[in-house]
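Structures for review follow.
Note that chain A is present in both complexes that follow, paired respectively with chain B and with chain C.
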Partner chain A sequence: MSKITINNLYKIYNEGKESEFQALRGIDLSIKDGEIVVIKGVSGSGKSTLLSLIAAFSKPSSGKILIDGENISKLPDIFASKFRNEKIGFIFQSFNLIDGLSVKDNVLSPMVLTSLGQDTINKRLKIALNLANIEHKENQNIADLSGGEKQRCAIARALVNNPSIILADEPTANLDKENSLKFLEILKKFKELKKIVIVATHDTIFDELPFVDKYVDMSDGKFV
Partner chain B sequence: MSVFLLDSLVVFLFIEFVILLLNSINQVIVLKILKYWDFNASNTFQYSLEKKNYLVNTIITFTIGVKIILFIFFVKSLDDLVPLVPGAMCATGVIGANEYGNILLLFKIFILFLLGVWMIINRLDLKSKELKFLKKKYYLFTIVFIMICIEFILELAYFINIPLTVPVFCCSVVFVVENLPFDLTTLDIVYIFYFIFVSILASNYYKKISISFILNILFLFVSYYSVTYFFGTYVYEEPNHKCPFCFLQADYYYVGYLIWSTLFVGIFFGISPYIVYSIVEIKNKKLLQYNSIILTVFTVICSSYVLFYYIKNGVFL
Partner chain C sequence: MLNRNFLNFSVKLLLKEKGDYLFSFIIFSFIIFIVTSVLFISESIKRDLLVSLANEGQIIVKNSKGGRYYPIDENYIDSILQVSGVDDVIGKVDGYYNFAQDRRFFKIAVDDDLNDTSMVVSSDVYDILKEFKYKKEFNFFVPNNEITLQIKEVIDSNILSNNTIFVNEDIAREILQMDEEDYSYVVILVPNEDEIENIALKIPKIFPDALVLPNYEIESDYDNLFYYKGGVFMILYIVVLISFFILLKNQISAVYGTKRKEIAILRSIGFSIKDIVLLKFIQNNIVAVGSYFFAIFFSYIYVFVLGAPFLKDIFLGEIESEIVFSPILDIKMLFLVFIFTVIPYLASILIPSWKLAVEDVSEVMK
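Moving on to the complex of A and B:
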């Protein structure tokens, strides 16, 4: 059984207005546990919209997204937040880190709402920092980090709650080649951990990677 | 001279009108939701209804906040009208100036009670993944909306018909001892007051929501008479001054607002568990704790006036 099943998904912005825009048009997709999926397409093709719907950041105009058999698009806001906190790790294109806080505090930010004990929190922090290869900068302020380090901090934050699904939206768009290659190394680690990873990108560095299970091309809100 | 020359009344009615307008739009959406809601559907229309559901909830929550403030503003406006209404010495004269006043006041209190119940059901609804109380809460809101419409008509009828040339009766005439029900004496009422209060604490302790519901309704009426005919006299320190409104004035440090608000809020927490249970079949026993705490505060405030008077003067009134 698929972990993620998407059926006939549509997302229309400004519906019924002159500026109406169909971002997604009838998307169907199924992803099994431990699969790495790369969604390729130019800017405006609907990749980010699809990721935001899978993360339950927004709701579709029609269609279903089933995760573990539950239609997450129907979840009321409070449950959508809980689902996101427990099951989703999101890596943003512009990292979305909090300036002024240390790496450690940024990574721990998704755990603020959990009721875990301090020992478990410290253990998870250590694992996340280690996986993202940023443990040596634990107490450094975000403002003092390079682009690649910020990216790794964002990855650690996405991992700290031990989510089963990791969504990465243009993860290498703000990185140089060397740091992009480091990201691919981390992606391999995700594969070993049997996490579902969905990467939305137009970067050619993701082409023909042996550990990627599925490539999907997107254009004009549809898979091609 | 018209009562509409008072700025506070014009502002009050304008805000009431805006709230009515907002809720009329709301009601159209509510009717659509009641008719077409199908949580299992994943089509565009259902998703749009789900989005609108959040909008409607936000507007109703906003309405509740505004209505609470407006209620206090309404009571304050009654006092502001005292100099304009001949014969009136306090809000008693103003509220009884025509046949709409008292019914309007009761309507306002009842609407606030229902909106409070709506809010509890809304919280329970948002805590369930399938929004399973959605229809029930909107049926309840539809009743509230009809009442809000009637309330606005009553407000217009009341304020337009306040006589500015004919003298009205005030508290010294309206509240005489003979007005107590069932030929009870003031002392009887006070004994009943404390007996019901203790019974409420006991029933809340044993979490008997239906008994607490009945006792709280009784307590509401008994408290009204006790405060007006007994405790109030200790606030005024005059044995013949019996009025439920005068202590809302600055002369008595606005203590009336504290007395009535603790009574009404306390009673709300006492009767709502049973009403909520009859609608959604969920027992919200925590509210009974609030009921006990707030009614204790109310009883302590009332009793303290009697006690301090006795300590100061060595006698009761």
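Moving on to the complex of A and C:
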């Protein structure tokens, strides 16, 4: 059985208005546990919209997103947020870290919603920092990090709650070649950890990677 | 989800922007400090007046001729005692002594526990007497006589006693040159409250020159007086509070972009709308409730320990005396201040935060 099943998914912005725009048009997709999927497409093709729907940031206009058999597309905010906190790790193009906080505080931010003990939290923090190879900057302020380090901090934050699904939206768009390659190494680690990873990108560095299970091309809100 | 981790995180986010929050804390504390000080002063004065009134029976009767007060004689007492419903009528002696050396008047009041050679003075009176070397005793000069009294005790000045000298009744009569059968005014004790109004209406029929003051009328005069003063300050307070919220709104707008993104980041890692509102509630509660208690503590010190310099002059005029306001901590009043300060503050922060939290996360992230 697939871990993620997407059926006939539509997302229409400004529905019924003159400025109506169909961002997704009838998307179908199945992803099994431990699969890495790369969604390729130019800007505006609908990749980010698809990821935001899988992360339950917003609701589709029609269609279903089943994760572990549960339809998350119509969840009320409180359950959608819980789902996001427990099952999703999101890596953004622009890192989206909280300015003024340290690496440690940023990485631990998803855990403040849990009531886990300090020992468990410290253990999870150590694992996440280690996987993202940023443990040496644990107490550093975000403002003092390079772009690559910020990206690794964002990856550690995405991993800290041990989610089963990692979503990465243009993860290498703000990175140089060296850091982009480092990201690919981390992607391999995700594969070893049997995480589902969905990468939305137009970066050619992701082309023909042996550990990627599925490549999907998107254009005009559809898979082509 | 409120737990220790959540609380710690809220405080960390607050400390991250301590400059902004400190600004709000200081301005907000100052506003609460001013309004609470005004209310402390007016409540304290009102209470002192009402306490003194409570000791004065239910009706006060003074004698007047041509609009001027005249002593009231014992015939009044006997006649008023005949009115049904009156339990007792007590003659009171008070008046003013002209302390010509300093061109001021001292109030002379009666304390029957004192003997013929002693007096009790307020700290204000004592300070004045000391300037004229009257440290242990004082000489009252009356026509053809000089009365020397020892200063037995110095009491704290309050709004009623700041210029008062207490002596026994015989001495008071001597100083005020009142005959034995004369009184400054009389107080009437009426056990049944429902009869006060009727009795107050009957007395002028017996003595057309009598000025009759039922206690409820005096109480209502005090209430009106302080409502008026409180009202003026309340208008000023509302103006200041509105200015503060405009300032706060501008401050929120200035950081709108940053806050919007921060809230979207928190939403993306699993914070629900409720969690965001709770987080902002915790942060701003620390500021608002902290300011509230901080301001109340300092306004208590300012009014009841330091005697409310500057503000006192607005209430009592520019008097030199060191009046001590009787300490009063009216929970209802403090609750009212809380409702009109902390609640609008929290609402002004939480509503924009909620509006940011309900925005589409993916749109904000873009």
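Annotations for the structure displayed:
Here is the rule we use: the second predicted complex is superposed on the first by the 224 of 224 C-alpha atoms of A that agree within 3 Å, B and C clash if a C-alpha of one lies under 4 Å from a C-alpha of the other, contacts with A are read in each partner's own complex, and residues count from 1 in each chain.
Assume contacts are C-beta pairs under 8 Å (C-beta built on N, C-alpha and C of every residue); 3 or more make two chains touch, one makes a residue touch a chain.
No experiment lies behind these values; they were computed from the predicted model shown.
If you put the two complexes together on chain A, you find that chain B and chain C both fit without a clash. Of the two partner chains placed around the shared chain by superposition, neither chain B nor chain C is touched by A:S219. Contacts of A:Y10 after superposition: chain B is touched, whereas chain C is not reached. Judged by the touch definition given at the top, the superposed model places A:N96 against chain C, while chain B stays out of reach. Contacts of A:P110 after superposition on the shared chain: chain C is touched, whereas chain B is not.
By the touch criterion defined above, A:S62 reaches chain B but does not reach chain C.
Geometry note, superposition on chain A: angle between chain B and chain C about the Cα centre of chain A is 30 degrees, to the nearest 10. In the superposition on chain A, A:N130 makes contact with neither chain B nor chain C. Of the two partners chain B and chain C, more chain A residues are in touch with C. Of the two partner chains, chain B and chain C are each touched by A:I78. With chain A used as the common frame, the shortest Cα distance separating chain B from chain C works out to 6 Å.
Overlap of the chain B and chain C interfaces on chain A: residues 77-78. Chain contact summary for the complex, chain B toward chain A: residues 39, 42-44, 47-48, 50-51, 54, 126-127, 129, 131.
On the chain A side of its complex with chain C, the touching residues are 48-49, 52, 55, 57-58, 77-78, 80-82, 84-86, 88, 90, 92, 94, 96-101, 105, 108-116, 121, 157, 161. Listed in rising order, the residues of chain A touching chain B in the complex are 7, 10, 12, 15, 59-64, 71, 73-79. Across the complex, chain C meets chain A through its residues 1, 3, 5-6, 8-9, 12-13, 16-17, 258, 261-262, 264-275, 360-363, 365-366.
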